[in-house]
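Could you have a look at this structure, given as structure tokens, before my questions?
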Amino acid sequence: MNKPDLTVDLAGLVLKNPVMPASGCFGYGREYAQYYALETLGAVVVKATTLEPWLGNATPRVTEVRGGMLNAIGLANPGLQKVVQEELVWLSTQNVPIIVNVAGRTEDEYCQVSEAIANCELAHAVELNVSCPNVKCGGISFGVDPHVLQDLVQMVKRVCALPLFVKLSPNVTSIGDMAQAAEQGGADGISLINTLIGMEINIHRRKPVLANGIGGLSGPGIKPVAVRMVYQAAKVVSIPIIGMGGIFTGADAIEFMMAGATAVMVGTANFTDPYACPTIIDQIKEFMVDNAITSLAEIRGCVL
Amino acid sequence: MRVNVAKITNLSADIWELVLNGPFPYDSIQAGQFVNIRIGENYDHILRRPISIAAVDRIKQRMTIVLRAVGAGTKWLSERRVGDSLDVLGPLGHGFPIQSTAGAVLIVGGGIGVPPLYLLAKELQPIVGQLDILLGFRDQQDCFWLDKFAPLGNVTIATEDGSVGKKGYVTEAIVAEPYYEKKWQYLYSCGPTSMLRAIKELFVETQVKGYVSLEERMACGVGACYGCVCSSENKQAAKRICKEGPVFDWREVTL
Amino acid sequence: MNKPDLTVDLAGLVLKNPVMPASGCFGYGREYAQYYALETLGAVVVKATTLEPWLGNATPRVTEVRGGMLNAIGLANPGLQKVVQEELVWLSTQNVPIIVNVAGRTEDEYCQVSEAIANCELAHAVELNVSCPNVKCGGISFGVDPHVLQDLVQMVKRVCALPLFVKLSPNVTSIGDMAQAAEQGGADGISLINTLIGMEINIHRRKPVLANGIGGLSGPGIKPVAVRMVYQAAKVVSIPIIGMGGIFTGADAIEFMMAGATAVMVGTANFTDPYACPTIIDQIKEFMVDNAITSLAEIRGCVL
Amino acid sequence: MRVNVAKITNLSADIWELVLNGPFPYDSIQAGQFVNIRIGENYDHILRRPISIAAVDRIKQRMTIVLRAVGAGTKWLSERRVGDSLDVLGPLGHGFPIQSTAGAVLIVGGGIGVPPLYLLAKELQPIVGQLDILLGFRDQQDCFWLDKFAPLGNVTIATEDGSVGKKGYVTEAIVAEPYYEKKWQYLYSCGPTSMLRAIKELFVETQVKGYVSLEERMACGVGACYGCVCSSENKQAAKRICKEGPVFDWREVTL
């Protein structure tokens, strides 16, 4: 048999394999570069970047729960300027496509950051994190109302020439509606899912474990919800989907692709095992060989 | 990296000492660094647990950790048997700087913050000679490694109930020393944040230099997730305890 | 210290302790009666009951996933008449309050079943399962639109004299809105959460594991989402809340009560251990003794 | 209930025999009943795994199960050591009715459906005398317990590749018998649904009475969740395999 072909095409961005670290779980790549060459990856997705530096939430910011973890980092990041100058400049020497996750409090902030990322010519795509609170709408997230989302995507698309992926929040009644809104707004692809909102209480201290009270649930326990949402989104949009949520093995990644994902992102698994991404790439390859799959297109969306 | 349990000893009710051998960069370990240990092989525990390196034997190529079984992860660790293998990452973080240390040194440890100070004391002692070592525990039951510290300096023990050494908190033992504000040039400490905060208050007006080792809940342990930050006094960007720490100049961090 | 008092008052229905099996996870009680006396429980909550018998979905209907399980039973049940005659008549001899979970395809079906349950005088409360597809609204669940929900609750309340608990679906953008809609409709309490929607794919067969494709996710992995939703609902309603989702231990139950629940339900844990409910009751008691808590009211909603 | 592993034997590549002792109502076990076994002590596996009881020793008060390690749960079971304890529920379900059995009996087993038929054959043999026993396996590697069945009747083996006994499926071995439609009065079978279906087709036009044991994914295993239903030929309400089954009159259930 021929060598299996792991390349995937994400709206014109061709990746040598479908596996990327998920935003916020891989810093800017430096920390994991000591474990393996970043060029092993399909792409590197960096932490959320905002216009100004964000300090993030008080600690504790993370806690393990059964089936996963909760985080309330609060999108802490050093701000656009430092991200570009100190991180992207370095990362661009690593011979791997770069996707910059962008967050903001207003549509204008999203536009400014996305435009600057496109103009700096160091990144290959932008991923909009629309789970942030929208200050104009009383703090309700951009990612829960289809109209708000479509407008946001449209505005960003106008100023950002890079492929634009919209990262959807799973905390909605209809993920299909949100996916369609992103597509209609002009998104080149969608990525999902961001974290489910959860909470853990320390019953001895009688208060939430996280300083922020609520936090984002990620890890193995959310995979069934994530696979279902990829499946539902894939039924209603024709732009490529990047699936994530609890991917820990190659088999998990294959499951998302069968549900309709073109590529996948790996978040929490990096914490359990810093070699998670390269291991998953190897396992996908192995599965393809064992099952005589020559290209991932053969299985993509096969359950739809 | 996979290391093996060479020895496991129950030091007191809930405190365990594990000697680990097998491939690990023992030679590069600095006092104050930690390892991040995977708990189990399945998906019941997806976050590793950070545990300080308490001793290294660079000749026999092994290291020792000491842990208190407080929850599921440390309990699992306390149940390992000789020969079991552990998936550890490390050595992680930045340890205690000791190169420029000169003058009288005070080492203050509290509870499960004591172990990394043993490695520190062993490395500092040849450089600076006699050390003043002050260790605080809850009670007699809670004490461990007193015999190991004994040869390294002038050791004072404080227990909350007075069952061993002085009665009270370590800070009370410090202020009981005449001219404590001027007695030492360097201070190294590790223990509960409340203890570190109290010590900082004692010395903040003095010239004493030094370092504290901090703890925070961690996810990645390598600096990638920004889960474990502490804030610095100069209101600069938060510092990651796992990466820029766990050891910080005690004047730089807000406790 | 005095013996801890575990009684709770659910809208006038006084339970000797706050622990009940969750609907669908305990049949009609008969199967577990061989393991312990049902009167040990705060109440018994029976499987969803519909007007006519429902056959349910094709098999496989259940599968284990990391952090929990998926089910697509499809509310299989022998229908109102048989439930009353064959099950409730028996259960009413067991000296334990009975809560009947009611489901339907139309508002009229919900009303007929609830009214009949009230009139049969064997049950002590009705729990409306509003996660069912509403045939009039193209199969969208009653439990995802606040207006549809409020109307349904209002109509049922009019014909059903028993305390009425509305069991909310977690697959919504705002659980607070749904809780308020139920309260405004006249609900005497709300229970939450029902299962999250999930999916698992068998990558070797290239099809979903469940015959139904998607299914409901329950078990330890959903607890953080459930605790968060109880917390959010408790902030906006004043009727009592019954919390559930991944409760396996007394500590889990306490966590829900601290988040605002008056009582709790235990579902999937019964499958792992048939003695789950009595064990949880004992553990709650133990926690109260250890922490000198004399009444559960002392901790209820303490993190709000 | 907690039983202990008294013996664990690897019968072939992925097939394991476990002898269990400790408190269990061994005396009440009927052939065809199963136990539902908890996997691990934590939350990694929240559903028990149903495994048929393959043999009972009522004098020594122990029972035997045979399992194929196909996934995480059965793999975990295959890794138990002597002395380990298992949390089992049972005996569950309804076994094979044998009271009214008279006349020539055919027992057909396929793969991992074979074990419960051993207990059945042992109980039937004293009642009806010589049994015709037909066991199908994938290949030689896959065969087990042939020696245990040998004294109980007229044993025919069929393997898909012909490496042991006849080549082909068990149904081919049945039709190879002259007058097979009239040869037996009773039929007992357990194995993959495809096999049961093929057997049903062979005998549906005959007078042969009998029982099949079915499998389905289970959650509660006690009849409470309605997860494991099969449909009955008369379109009555679905039957729960764990409670009304796993053994059913083969004419009553849709396969």
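Some notes on this structure:
The first chain written gets the first letter, and so on, giving A, B, C and D; residue counts start at 1 in each chain.
One rule holds for everything that comes next: a contact is a pair of C-beta atoms (placed from the backbone, for glycine too) under 8 Å apart; a residue touches a chain by one contact, two chains touch by 3 or more.
Here the structure is a predicted model, which is why all the values come from computation and not from measurement.
Among the remaining chains, not one touches chain A and also chain B.
Computed centre separation for the pair chain C/chain D is 36 angstrom, with centres defined by C-alpha atoms.
Chain B and chain D have Cα centroids lying 58 Å from one another. Centre-to-centre, using mean CA coordinates, chain A is 47 Å away from chain D.
Shared interface positions of chain C, defined as residues touching 2 or more other chains, are 66-68, 219-220. In chain D, the positions touching at least two other chains are 43-44.
Taken as a graph of touching chains, this assembly forms a single closed ring in which every chain touches exactly two others. Under the touch rule stated earlier, the contacting chain pairs are A-B, A-C, B-D, C-D. Against chain C, in their complex, chain A makes its touches with residues 65-68, 70, 144, 171-173, 196-201, 203-204, 206-208, 213-214, 217, 219-225, 227-228, 231, 246, 251, 254-255, 258-259, 287, 291, 299, 302-303. Across the interface of their complex, chain B is touched by residues 40, 42-44 of chain D.
Looking at the complex, you find that chain A touches chain B at residues 24-27, 30-32, 47, 53, 55-56, 59-64, 66-69, 71, 73, 76-78, 219-220, 248, 268-274. Taken together, the chain B residues at the contact with chain A in this complex read 38, 43-48, 87, 89, 216-230, 237-238, 243.
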